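Worksheet for the structure shown next.
As written, the chain order gives the labels A, B and C, with residue 1 at the start of each chain.
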Amino acid sequence: MKAVTTTKKLWRKPLDADKAKQPQAEIYIIKDRCKGCGYCIAFCPKEVLEESEEINARGAHPPKVKDISKCAVCGYCMAICPDLAIFVKEKTDTKKEAEKDERKE
Amino acid sequence: MVVETTHPLDMYLRETGMHHIWCTGCGNGILLNSFVTALKELELDLDKIVIVSGIGCIGRIAGYINTDSFHTTHGRPIPFATGVKLSNPELKVVVISGDGDLFAIGGNHFIHAARRNVDIKVICVNNFNYGMTGGQQGPTTPLNISTTTTPYGNIEHPFNLVHLAAGSGAVYVARWTTLHVRRLTESIKKALQKDGFSFVEVISQCPEIFGKSTKMGLPVDFMNWFKRASEIQHFSDPAKAEITSDRIPLGEFVDIEKPTYEKLLRERIIQVQNKMQGGA
Amino acid sequence: MSEKNRALSGKHFYSGDLACAEGALAAGCRFFAGYPITPATEIAERMARRLPQLGATYIQMEDEIASIAAIIGASYAGLKAMTATSGPGFSLMQENIGLAVMTEAPCVIVDVMRGGPSTGQPTMAGQQDVMQAKWGSHGDYEIIALAPSSVQEAFDLTVEAFNYAETYRVPVMVMMDAIVGHMWEKVVIPPLEQISIKNRKKPTVPPSEYMPFKPDKDLVPPMAVFGEGYRFHATGLTHEEDGRPRTESIKVQQRLVQRLCDKIRKNSDKIVKMKPVMMEDAEVAVIAYGIESRAALSAVRKARNAGIKAGLLKLVTLWPFPEKQVAEIAKSVKTIIVPEMNYGQLVREVERAAKDTPVTFLPKLGEEPHKPEEIFEAMKGGI
């Protein structure tokens, strides 16, 4: 499915670019809920997601993360998904939280 | 990326109802997502919410949300909701239904409930056709569109629902597309907290069925139409808010204060009872 | 005026419509949604005046379809609710009567019958809707219908209608012909504590275990209402016991439709009400209801004076039809006469139950019921 690009090209670097902290994202995909509409892939402002090769129980290609470092945790994918198949969380700093969130694939 | 099996909003959904029957990319799914997000953000007591739906694909939504709910006959969620609200004014009563259910068969009920300013919230998911029965024309189908019952092109002018709602007396009127999902959630939140008849029109895609009529077969095609044609301007004239292929006026159109039916009823009852006591 | 004063106990001179409204209030009706229609308008007007006095809701809806939808909503929000109409409005309500049956919503619908079909003769009485009460909506279903024949019965049977609605979770029709609706007679309203009131069964399990359409042994499910924390789903689609729609399952359809019908059929002995007069040794039986039963009573007395062994079986419940009881009577009498203010409705049920016993039908179209002499002549001819 062809993605519609929505990223803007900035003509100068933002003044607080060095201070701004890139949030660390965790994207959760409930693969078998996905029906393959493509909204999350098409409308992610940072083009973080792409269609995967695998086929889920519904016969659709769920999304997969292309580059997690680009994710700004804007939450649009989570808001736009008609099947509540994707959500995003911001990773917190404490080690305890990191251990709790760790999952084996 | 982490593999998960539950979603943070799952607690707002009925286990026995999900997963929903809606097609790939269906706007109903986005509205479901937006609505339960609004419930979450407002931290409303789920025991005091009643969802009433009509007949159509969107009608199934009542079975998916984890609150008291009722799925009525075609066109009748609004009078049913009126009965519920007047019987227990503490309940928050939300009607979620489609363009055909609310404005064809249910049109009469809509204008009267708006006129009375009954404190119910009405969310109309407008996908421009009757999707569940295979794509027949509806009261919001654009001119010239070919549907299964307008095979040579629609010759009927569609409703301007925002104008209809405003003209009937609704105290809050807003229109968003499913693409503008976060603004939609904000309007839903506003409607849920507003006193009086509140109406939110959700311009929604029906890629499988209306997609046939419009040759927009892919879900993303609809979203691109919404993106291209949407024009957001708050409190513009509802009379000029018709939807065309080039222009979908969005925003809040009406946000006024007016005594609700319940308030006037309560005042009248107190008046009557006081008079009786005084006379006795 | 408080709740406990809701019954205007004492002796009154009322019309049938007024008595019906007062019966509803005495039974605990707290919600009325209606639409003006001759000859039922007086019921709405009385409710409009009395309900606010009791702190309760009267609302005039935009049409009869909205009226019945609103009372189903009120019922699901926990109130006893009623609407009143006549033939044309009754026709409009049929689809949602089906919804009330399918979602097992207790409610009362009064049909003050007038001449039909269509707009007909709005100010003239008839008994032309009695089949419609049972068969008006689509699908297989059962309801309960009562026919008052006096102003006192208009009061008493409206109370009974609410009791039946609450007990069996079913819409109950009060089929009052316009003569009974508009005539004025003495009515005695007992003190509230002497009026027998029934309320719907409430769930005895917590919300996590509650199934909104799981019946008890009497085939009636306990009813939770909105706002009590049960978070249940009710739909007009064929559904499971937990409320989930199941539009593809044969078994679920069979179970549900059979239970909705058996709920009334298997309990019919407890529901059926009739008043036999001089039936013990009768050879000629007159089976009648509503205003016709009063003319019939006069005719039966005339016949007895003339030496004919006549008896009257006054039907109080029209539906469920007392098949067993009529079949019994048919075996012991020589002939049955059925006078109705229509062109042949309940007589068909009598014929079906009476089998080989001859049944004479006396039709009457237009405002006036049969004169007792007309029924008497038929009785003479029947022997």
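The definition used in the following text is that contacts are C-beta pairs under 8 Å (C-beta built on N, C-alpha and C of every residue); 3 or more make two chains touch, one makes a residue touch a chain.
Note that this is a predicted model, so its numbers are computed, not measured.
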Per CA centroids, the chain at the heart of the structure shown is B
Per mean C-alpha coordinates, the chain lying farthest from chain B is C
Chain A to chain C, mean C-alpha position gap in Å, rounds to 61
Separation of the C-alpha centres, chain B versus chain C, in whole Å, is 37
Cα centroid separation, chain A vs chain B, in Å, comes to 29
Residues of chain A that touch two or more other chains sit at none
Listed in rising order, the residues of chain C that touch chain B in the complex are 1, 30-31, 33, 52-53, 55, 57, 59, 61-63, 65-67, 69-79, 81, 95-96, 98-99, 103, 226-237, 242-245
Residue set of chain B touching chain C in the complex reads 14, 16-17, 46-48, 50, 52, 60, 62-63, 66-73, 76, 78-84, 86-88, 90-91, 108-109, 112, 265, 268-269, 272-273, 276
Touching chain B in the complex, chain A uses residues 1, 4, 26-31, 33, 35-39, 42-43, 60, 64-65, 68, 76, 79-85, 87, 101, 103, 105
Residue set of chain B touching chain A in the complex reads 1-10, 13, 19-20, 22-30, 32-34, 37, 178-179, 181-182, 185, 207, 218-220, 223-224
